[in-house]
């Protein structure tokens, strides 16, 4: 093809982390003005590749060209100078700064005496937040925001810098359908203005929807670039996983028993600012049922999970497991009946500084399964860990390496593997497939269904409606700390449920 | 030696006439220190003595520093005992338990145990201890008389004296109590305000404490605070008031504000001991001395002595005689 | 109440101010690195270097300004060494701090002997003390007068620096960068600010402040050098920093508090409190106050209502 | 490759060590001495012959204990800068038992050690309690408590328990039966060293092979995660601080019962702080503490010989120590760059051989 302008050309890019190779001679060409998707399993090297482009990671070898000119991008500063912007998979925000300060970081407006102009910052933040339809209070401290809001700040921060080449590393993982649509509108708009977008996501549906070209990575190698119109989700999945993607549709066996295993009665919880976050929540989960609490981030799901895990103080109400109230038990005793998949894997779900082995053993440190007498038996524990790694095919260089060096999705799999392995009768599951590739997502879903079919009670908290529809027996919608509606998946469309989630509908019902 | 005639740090010491050599062979002396040089105290004074002895008696010497690390003391003492004829165990009490063993292993080595009396009796251990209280008593007498001499520049009529000590140890108490006793012997109404720095090398705090005392109406502050004492001297200089130095002559630091120094003449005592050792003389097993041997006592720089009222100087001389002939007995806080 | 007069007379405050300044300057330096996320227990060593180099330069130039500059320069160089190891070589900051302390003590002691041939203490009339500022009209005012007139110039500079540092941290870009670097270096780096540049500049500025503190101790507060004369002030500074939450104004107040309690504790000895217990007071007070404040913060964060 | 990873760190720390020696050499040359002589003396004084070795090991003994004390606390998430104070409290307790308790020999030593452990441990509980109850930063409290302990013990030996006639605050000598048995006569190398090794092994086993150890390890790295997997965070915090303080306390006992045979005021030249450095350099590994402590002991006792054999003064050997510490501290990052470089080479080789290398 003669006169095609490439915004980005990366050739033979390699990156070694210690003994591990995250990128092996990766080649990718991004045409100016297109939306170019990068897909691949967890650990395929997507984040690494884009981090190299953004100057965050120094490649071990390889060449990068931007707008046709060969460049050495030694730091994000250099990348920014080249008009590159990035939305990071693991948010890069300053906890004790306000939203505005985070958005303006590095380009603060100045007033007299070279003082930073705080008013201007706030105004600026408010403007772009409205402009891009991602609502967030500019004066709130970032450390007080839920994951969903953090994602919005991260995106706004990148957009506000008006980059010509924008990299988005799994921006939609925690956004609601409406927010996703908003974002895609923005991206399309950018590409129409001749700006280039590099989009990383595990949701092939989105990829097919917005992208022009798709580059597939597998285990650090480029599997090639395809025109979106020439392919489909199934072929992509196959290319990503290197085998035929054969997703047997998840079949649920009909519920026979009506026994209520897990129920919440009149739950009230405040957040650290003493604001009521959950008002009089009541719900029942039957044995062999998946009950979903759907809702937009910041409406109380986080608090719900924390309360159930025993992290947040329960002000009023009961949490009953087979009729026994565990509302005021400590975490250890709760774990006897319940397993938890927390929404925040980085801090809560995992000990990133500890080995994969130690992470997989969490909660078992006292159980005889891994002991001989009073002591750990590393034969037993390693076997147990190895089995989990195998069963949940977690991609890791070994049991004794730090969890931090695993890719996001594989980290998530560790949490899921551990929590599933206890076989508790109650599962509290928050955002189980956040940032997880389709293979793994499908696998995790299979596991949840299996648990359900085995007669366990599963309480799912999720913002991903596809997931919600794929798994739920019943759906409760949480808005502003209240349950504003309950449905069965077949009784309501995604669009309509979206209206409940955003409070457009449903309030009159509970008022 | 009476007040004023006592020379500073053992310059004209006995037998310093011409370099002598007992038995031709060069005598090797080791000084084993629990701490490190630079303490403005017993280690530095000891080093000074060795330097003079080398010049006058042609000895060879080594100084082994223990850096206040007890786990090294044993090695230190051994290394000193090996290949040295005389070991100055400085200060003896820090090395007591090791000395007991080492002195047996090296019967021909001559162990010199300063600043205390060795509880272990051995033929080759010689203890010396200082009667700081004698000199301090004299200092107290002087201060007691001076603090009301309003005709003397800076002196007020209040009967308040000051004292700054490094750390509250028996030795420091020995300085303080006799000083107080001496002052009260002049006038029972005299108050002595005492402050402790809590550190041997914190001149800033020493100065702060001295200023505090001056604020309290003290006009003469007696310092027994080694490194921290330099701060006291500076405070006196700043306020144009007076301090009584300690250990060595402090007048060079502030000629007009150092109202004499109570020498704890370690240098002289070491020097003498080495002299006796080199010349093969005999030395008492235990010496507990002060004025009589000039190991402690007041010293004035000639300039300042000229300023001192005659009657005060007489009184000091009388006191010294009294102490030496036993008619005056200063309190001894060490025993 | 002569007893209370002893404990709380205006002299006590004047003393507190004098005592505070070296502590304050070093604390200001330390809080910067702390804000940038570097725990630095090498303050003691840096301060000592400042004491020594300030004194030596002053000795040879007989100029207090040159002395201050000298102290600042050498201390900053040492701080740079600290920076290279902690920032570029990613050495453990506490180990590095410990090493810096050993280095400071060792080098100064060695040079003291190498240069002046003395050990322990050294002073010389050639050294020109930092002048005091005699503010006439203040003298008239009763209490204020006793406290403020005739304080060293460095007292005033120190006070000014408190606000300077506050301004820098909370009102300039660089201040934002420092704090961001401390909380989430990645966030700063990805925002296009060079993390290295920020950290190194912070470490250098912190060196300057430590140098001032040290030089003031040996050529302003005193005009002499005594081996290891920083005497633990670097560690007290760490406490002041933690106590003030590494915020300049609060650190200023904790420095004042420490200094005040310090001079108070000396005076306690005058009312017959055994010295060992009197000397304990500053440390115990620190712990108690720190505990109380932390506890109150904890309560607040629990029941803050928006 | 596994082997390669295992050998890497030792190799790197060796390099770091060598670099620091080079710098030390420069310093010695500047001082006008022959580095070979100096280092020769250093090594000889540290290791040559049983008596020198004994000297090294005996000065390493208290350091192992304080190092262990710090390591345990840090591993459990408590930044314990207070080993010095805990050492003083332990030493004092041991001294009092050793001096005053009329017990038969075989009981006296165990009781004294136990007393030291308790004293140090309880003293360690103060900052731990403050932390869990009020959230007070332990770095400062432990630091301050050092001074308090030093002053407090000084008071005790200057007033209530003062040895009559002593010019400095100190207790009288402990009973002969309370002295730790010597392992090499003519030195202070005693069973305390073996106890120290045993303690390290014990702790290592606890951390690696017990639930409590696992929980402390997790707690030290991520308290939220620990809470989430059901760890009683407060209890564990107290426990590991008690352990840490206890071992530092025994360090004091080793000093009193094994070396000085009495408590003298300001008995420690900073074993607690060296313990901190040692623990950090050992990466808080209980076993790693042993070689590090021995390295420090060697530098100390070898330093003496060096100072004797050359004109290198004590403060310069301090500087050399500091330099060594600096470079040992920097080793980790060296190793990172080194591995990635090696992996790059491997990859290039594989490419030449045509294999994709996946």
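We just call them A, B, C and D in the order they show up, numbering each chain from 1.
To be clear about the criterion, a contact is a pair of C-beta atoms (placed from the backbone, for glycine too) under 8 Å apart; a residue touches a chain by one contact, two chains touch by 3 or more.
Computed from a predicted structure; not experimentally measured.
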Chain whose average C-alpha position is farthest from subunit C's own: A
Subunit B and subunit D, separation of their C-alpha mean positions in angstrom: 37
Gap in Å, rounded to a whole number, between the CA centres of subunit D and subunit A: 44
Touching two or more other chains - residue numbers and ranges from subunit C: 109, 232, 274, 276, 279
Of all residues in subunit B, the ones touching two or more other chains: 168, 198
For subunit D, residues contacting two or more additional chains: 151, 154, 158, 315, 336
Touching chain combinations (by label order): A-C, A-D, B-C, B-D, C-D
Residues of subunit C that touch subunit D when the two form their complex: 39, 41, 85, 89-92, 94-96, 98-100, 102-103, 105-107, 109-110, 113, 232, 235, 238-239, 242-243, 274, 276-277, 279-280, 283-284, 286-287, 290-292, 294-295, 297-298
Residue ranges of subunit C touching subunit B (in the complex, touch as defined): 6, 9, 11, 15, 18-19, 22, 109, 112, 119-121, 123, 217, 221-224, 226-229, 231-232, 263, 266-267, 269-270, 274-276, 278-279
Of subunit D, residues touching subunit B in the complex: 51, 55, 58-59, 61-62, 151, 154, 158, 162, 164-170, 173, 186-188, 255, 259-262, 264-267, 269, 297, 300-301, 304-305, 307-308, 314-315
Interface residues, subunit A side, partner subunit C - complex: 54, 56, 75-77, 79-81, 86, 88, 92-97, 101-102, 105-108, 110, 113-116, 157, 272-275
Residue ranges of subunit A in contact with subunit D within the complex: 14, 16-21, 24-25, 60-61, 219-221, 309, 311, 330-332, 335, 340, 342, 347-354, 358, 361-363, 365-366, 371, 374-376
